[in-house]
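Worksheet: the structure to be examined is printed underneath.
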Amino acid sequence: MSVHKYTGKYHTAAEPTPGVLHLSFNRPPVNAFHDDMWGELRKTIEAVEFDAQYRVIVLASSLEKYFTAGLDLADAQSTLAGRKGLDAARQAFKLNKHLVDFQGAISSLQACRLPVIVALHGACLGLAIDLASACDVRLAAANASFAIAEVNVGLAADIGTLQRFPKVVGNDSKAREYALTGRKFSAEEAKQIGFLSEVVPGGRKEVLDAALGMAKTIAEKSPVAVVSTKHLMNHARDHSIQEGLQYTAAWNMSMLQAEDTAIAMKAVLSRQTPNFPPLEPVKAKL
Amino acid sequence: MSVHKYTGKYHTAAEPTPGVLHLSFNRPPVNAFHDDMWGELRKTIEAVEFDAQYRVIVLASSLEKYFTAGLDLADAQSTLAGRKGLDAARQAFKLNKHLVDFQGAISSLQACRLPVIVALHGACLGLAIDLASACDVRLAAANASFAIAEVNVGLAADIGTLQRFPKVVGNDSKAREYALTGRKFSAEEAKQIGFLSEVVPGGRKEVLDAALGMAKTIAEKSPVAVVSTKHLMNHARDHSIQEGLQYTAAWNMSMLQAEDTAIAMKAVLSRQTPNFPPLEPVKAKL
Amino acid sequence: MSVHKYTGKYHTAAEPTPGVLHLSFNRPPVNAFHDDMWGELRKTIEAVEFDAQYRVIVLASSLEKYFTAGLDLADAQSTLAGRKGLDAARQAFKLNKHLVDFQGAISSLQACRLPVIVALHGACLGLAIDLASACDVRLAAANASFAIAEVNVGLAADIGTLQRFPKVVGNDSKAREYALTGRKFSAEEAKQIGFLSEVVPGGRKEVLDAALGMAKTIAEKSPVAVVSTKHLMNHARDHSIQEGLQYTAAWNMSMLQAEDTAIAMKAVLSRQTPNFPPLEPVKAKL
Amino acid sequence: MSVHKYTGKYHTAAEPTPGVLHLSFNRPPVNAFHDDMWGELRKTIEAVEFDAQYRVIVLASSLEKYFTAGLDLADAQSTLAGRKGLDAARQAFKLNKHLVDFQGAISSLQACRLPVIVALHGACLGLAIDLASACDVRLAAANASFAIAEVNVGLAADIGTLQRFPKVVGNDSKAREYALTGRKFSAEEAKQIGFLSEVVPGGRKEVLDAALGMAKTIAEKSPVAVVSTKHLMNHARDHSIQEGLQYTAAWNMSMLQAEDTAIAMKAVLSRQTPNFPPLEPVKAKL
Amino acid sequence: MSVHKYTGKYHTAAEPTPGVLHLSFNRPPVNAFHDDMWGELRKTIEAVEFDAQYRVIVLASSLEKYFTAGLDLADAQSTLAGRKGLDAARQAFKLNKHLVDFQGAISSLQACRLPVIVALHGACLGLAIDLASACDVRLAAANASFAIAEVNVGLAADIGTLQRFPKVVGNDSKAREYALTGRKFSAEEAKQIGFLSEVVPGGRKEVLDAALGMAKTIAEKSPVAVVSTKHLMNHARDHSIQEGLQYTAAWNMSMLQAEDTAIAMKAVLSRQTPNFPPLEPVKAKL
Amino acid sequence: MSVHKYTGKYHTAAEPTPGVLHLSFNRPPVNAFHDDMWGELRKTIEAVEFDAQYRVIVLASSLEKYFTAGLDLADAQSTLAGRKGLDAARQAFKLNKHLVDFQGAISSLQACRLPVIVALHGACLGLAIDLASACDVRLAAANASFAIAEVNVGLAADIGTLQRFPKVVGNDSKAREYALTGRKFSAEEAKQIGFLSEVVPGGRKEVLDAALGMAKTIAEKSPVAVVSTKHLMNHARDHSIQEGLQYTAAWNMSMLQAEDTAIAMKAVLSRQTPNFPPLEPVKAKL
């Protein structure tokens, strides 16, 4: 079946509901991320983005106790070790390129035109915050624990947490406390500061169910409306209100010519369930 | 009395306390908005803004069960139906102009130099979020329920919600969840994510009383201080901190020459209640 | 001892833990700020910033009941009184220069490369909000009460509150309500809207202990990681996500060449406590 | 004929070529601008902008020796005189409103979706630079002379010159020299620094002919292409290249669905002259 | 030889001088660009960018009379024809993606860390301006002629000209005139408005020689200095001066640790020719 | 006499005309800049800025053949040599601080509220471009020659040239050519691309006379107008047009209350020479 093409060496792929792609990290024992793993994630996200069969992505972990322990330190050390014979500036060029690539992999979740719901549980350390902050909706199991752990390994988080975390939460003091102390915080704390939509009682299974349920709701909406909503919210976050409004008017002057608005209004007025066509004709599955 | 000139076909106007203009939407049965209704609102706001008799605006609804059900769908459909014989680009020009006008009506609440307090109750759907997000202070009755309902009618919210809602609340995950699912949320939820200043027990009457009380407090402050505070907070939201500080220094180098500072300081030191003159001499009421 | 050089006429200085500079405002009876007092603060902050002996600053008040009552109104009045014989434009030039200097003093807390934790208790009025909003982490005692009091003295807050407060909290409605009404709010309210990391039961002593404990944790981290984290979070707040990521990649291409990452990783792998050298060799204390 | 509705008290209106609106300032003896005159200009520009009969505007002066001598000083003095009994802050509010309105009148030339070609001749002083800088294309007769004259009357140009002039020319040193010294400069100098497209030998008649000729060329192009080109160049000037490209992609995703591209390409391939329909059906002239 | 790997179906590749990659468009009869051609260019540029053997790129055309006639109109028409059965919004999604890809291909010249010198001759129409504006240095033969031709085919230039052309020249009036009229302009005119570094007497061969000579000079400089200079000038164009300075300080705090500065200073002091190592060790050629 | 307090170890100070401060670099044999020299310049500029006796600054060189040969390479090498025992990250912190200080010294010319006219002659290399680009008006003697020489010493210009030079000229191709090749260019070339206001025939004396003449003109204008003009042009360069207009309206709402406008208008109407008071009463000279 076609969803198999999105399965990777370090994640599984499934379509539990029509239009919902469920990706699940799977690199035992702790989902430690090395270059191949985030490279594979990016490749998958960028491929599914324009596959009109899918309308929403759910990101999760297959391991019972870990969303991810963060970076694979052994792998990271080899990156930092540098190349013999290069001066500090030439090392810097290599590091800059590596960082830009790594940042790009995490940013692919935000850039993806489909919404991404992340289901968090267990240990969500370091890179987990970078990943989750780049998703659209964050749900966590009650057993989840979090840490912006980079400061503990002698570096400033540099692939997205420091940029996105303070902008998605509502307490800058806590954001700085977490980033400067590297201390763990609970799902409940995370909810209180606005990092999560919901804390779901239980663990891996329960939060995944909640995420899939929300995904199903979104998959049934107009894809024109859903993709535009994410696109415009991404734009709005980085612009003044007036800039955002101007861009929205430019964007929607074509989107309002979709048949979806007529379909939806007709359904609303006739109290029926609307059925929206995909953004492009979907090829028959094999 | 002069307040009557601010009464419109779709809203009432009153001055329950000196300096407080109370506008109340009134288009039964559900305050559905069509072009004339938001056009009238804009005209009123832009007229009162420079009427030195008023110092603060309270926005509310006269209907018991509805703040507003949102757009008047029949009216909207005729806008979207387009004009026969125009190609998609020429339709787009028409839609762009309509959107810019509609956005401008909502933005007039934010741009108005007087603070606007909105008293929300009952059903607050779709356009209600656009309107409320453009106000300065949001109070809601316990019976209020909310929805960013646009996604349900096949379009992305395009007159302000996607720009303002995430910036006035403290939970980006919830903001995106609401916008992508179109689901209802309660006043309590709205308070938790930072959308509201307060949830007032009761319904229409109770939240209006609270709003008028707050408005009275503000109306007794220095109008130089109040107008400047709103103006500078609007500016600050869309600028870096340093930009905001520089603009503030330029703005206040004249404002600090107001007599208000002397009046206020004198009152503070002498423990009397200060009495601040309006921004311009107010003409005698007829 | 060297810490004494940071003692001023209006604040004490101590090093309760290695690497932690504790500054405590001390101008009885209410820590009212005049030009000399904020000038002295700025001078101290800018001097300690590049003293590699220190890694974090704790800001507090020595008075039992007041963090600060705000501006020294008598002093402020003489600033506003203007100079005889100058027209309004020339007065404006003088006021602009004064504001820029005053803003710069408050901003020095944010610009300082070392993190600043503020321990708030008792009355925290007016300038207290400007100061606290410019710090990185805010802790308050349960007995603390707050007010954005400027509107009560006939002016718009112009040295940082209107710029920073709405960006560090998660409820724009409350931010505007506080700024427009000047009303007091409790530590609990402040926590709920995201202004504080924590409300510490008790008063001056208790919140100071909590702040010093957090400071000790941070002082033991890699100074490369800590200074970079604050620097990048400051940058991120005022830039789009992509801008922040690009700057981070430029910044960290040298920072990742620190020995700290190797020290930290080695310690993590060997389960020992890492010991990070200062940013520059520290001269022996006298 | 319908063009008459665009005639005003201080300017004439004509349609010398189909689709070209020619507006000519006419307030002898020197086209000194007072509030009514720029208010009338704005009203006219905002009305013609959405009149699909017109595709380009030519702005000129009917007086032989003056494009404009600038502000009507007597009128300006009454604005600056202030209102008795208002303190400096309250005067400032009045002045701010006046400036915003005046700026808006000049900016209407830039904001107008139709291109504006200005034909300059004779004395082009003060306001002339503000006006011309807000137009799209600037042609001048050889007899034209220019001055950023505001510094000579004790104020900084505040309705557009300081913002636009340096951005439309290619010599910041000259821009500052002109603004700081108020000295006159010739059409030739203006051409050399990039202020003008062309210096046309002769005077009023000659430069007007050149402007009308260029207007005719533009009026025959696709209005979708012309309006979009101005719109996107306005946007580009105030944004980074990447921002401009993103906005362009949003804008053109509907514009490329115009029939104009097919009409034009067909004409190009068949070597015929394309004939483009207006943006909306034009009503029959009376 | 290794340079052959950069040869494509539509361009040749050569290394006339060590470190200089010479790419020459070659799609007779007029170098009309279709999707494959710009796709290939992007692929080549992104591959050579991190090949430390090369230090500068020269872009030219192999055809005697054409740099390029612009878009391949037949190919473009098929893009614009749309896909049957899709509504205007869904067509818009397809067009948006196509535009973003096309823009990305042109932008790869600007984004490439190596400087790109373009040698222009003969007909340089439409896309030629997009391409040349994205290069660093522009040289043209005296026989070159230019046109921003998009308006002639019913669309606004949307792959870079409207963003970059006005920012690289010094005459906004001319930029708008060219874009609105689509008229041809000569190399001499192009030089006068600041589009070109130089007009070289002659044609294809002469301008190519001049470009290769300049490229040789740049290839002998420190690659740390050259790459950083382009990188920082790209950044500066889209930022305020202060932003650019801050980014430069972050960037150069590693770059100043290059051995190149010592090599260069030593050479300057000893009046010898410096010899700078590449950014990474270059593999032996096959 | 009071002007003597602005004399430094590396520059002379004179007041050739009332209100004109003439600073002349004087470190034979070639005005090579080391840290003390630019530190002294900054200190002088920041001191004179608020000395109401002065209204304009002329910057020049006392040496016949050199404006400046640029950096003192021996001094620069010691900065770059680093401190033994510091890793690359800690070296980077030191370099960053040095760069920020050095940038601040050059930027003080731009930030200074008084206009700065630079009179260039002879060799104007490296730092000369940074300095001149930060001034308001640039005049050069015909014997002047220029080079953005940093690339020749293995580094990217990092104290302002790459930020300011492309923004003050009108030919981005030339700007990049000069920065990438490090080649010399003549005063005539510099004029053509828009770097200079004028090329003055002759050498040091002639260009200085021209600069002092222009300075005299400016010194006789209203200081409110002159200081505001520079301030608003600095602001405009780094902002969108609309942002610039908004800031201008805030700034001028106090400036238009100057008596200068009345003085100037009265003088204009009565055809007399206006005499404007300084921004603050000037103390009697000793």
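As written, the chain order gives the labels A, B, C, D, E and F, with residue 1 at the start of each chain.
Quick note on the criterion: contacts are C-beta pairs under 8 Å (C-beta built on N, C-alpha and C of every residue); 3 or more make two chains touch, one makes a residue touch a chain.
Not measured: the values here are computed from a predicted model.
Enquirer: Keeping to the contact definition above, tell me which chains border both chain B and chain F.
Expert: Touching chain B and chain F alike, sorted by label: A, C, D, E.
Enquirer: When chain A touches chain B, do the two copies use mostly the same residue numbers, with over half shared, or different ones?
Expert: Looking at both copies, the contact residues mostly diverge.
Enquirer: Once you find the CA centre of chain A and the CA centre of chain F, what distance in Å lies between them?
Expert: One centre to the other, that is 49 Å.
Enquirer: When the C-alpha atoms of chain D and chain E are each averaged to a single point, how far apart are the two points in Å?
Expert: The answer is 33 Å.
Enquirer: Just how far, in Å, is the C-alpha centre of chain D from the one of chain B?
Expert: 35
Enquirer: Among the residues of chain D, which ones contact at least 2 other chains?
Expert: Chain D, residues with two or more chain partners: 88, 91-93, 167, 169-171, 193-194, 224, 237, 250-251, 253-258, 260.
Enquirer: Write out the stretch or stretches of chain E touching chain B in their complex.
Expert: Within the complex, chain E touches chain B at residues 88, 91.
Enquirer: State the interface residues of chain D toward chain A in the complex, per the touch definition above.
Expert: Interface residues on the chain D side: 247, 250-251, 253-254, 257.
Enquirer: Once bound in the complex, which stretches of chain B touch chain C?
Expert: Residue positions touching the partner: 115, 136-138, 167-171, 193-197, 214, 217-218, 221-222, 224-226, 228-233, 236-237, 240-242, 244-246, 248-258, 260-265, 268-269, 274, 276.
Enquirer: Within the complex, which stretch of chain B touches chain A?
Expert: Of all residues in chain B, those touching chain A are 73, 76-77, 80, 82, 88, 91-93, 95-96, 99-100, 103, 107, 110, 150-160, 162-164, 166-167, 169-177, 179-183, 193-194, 237-239.
Enquirer: Considering only the defined contacts, which chain F positions touch chain C in the complex?
Expert: Result: residues 50, 83, 85-94, 97, 224, 227, 254-260, 279-281 of chain F touch chain C.
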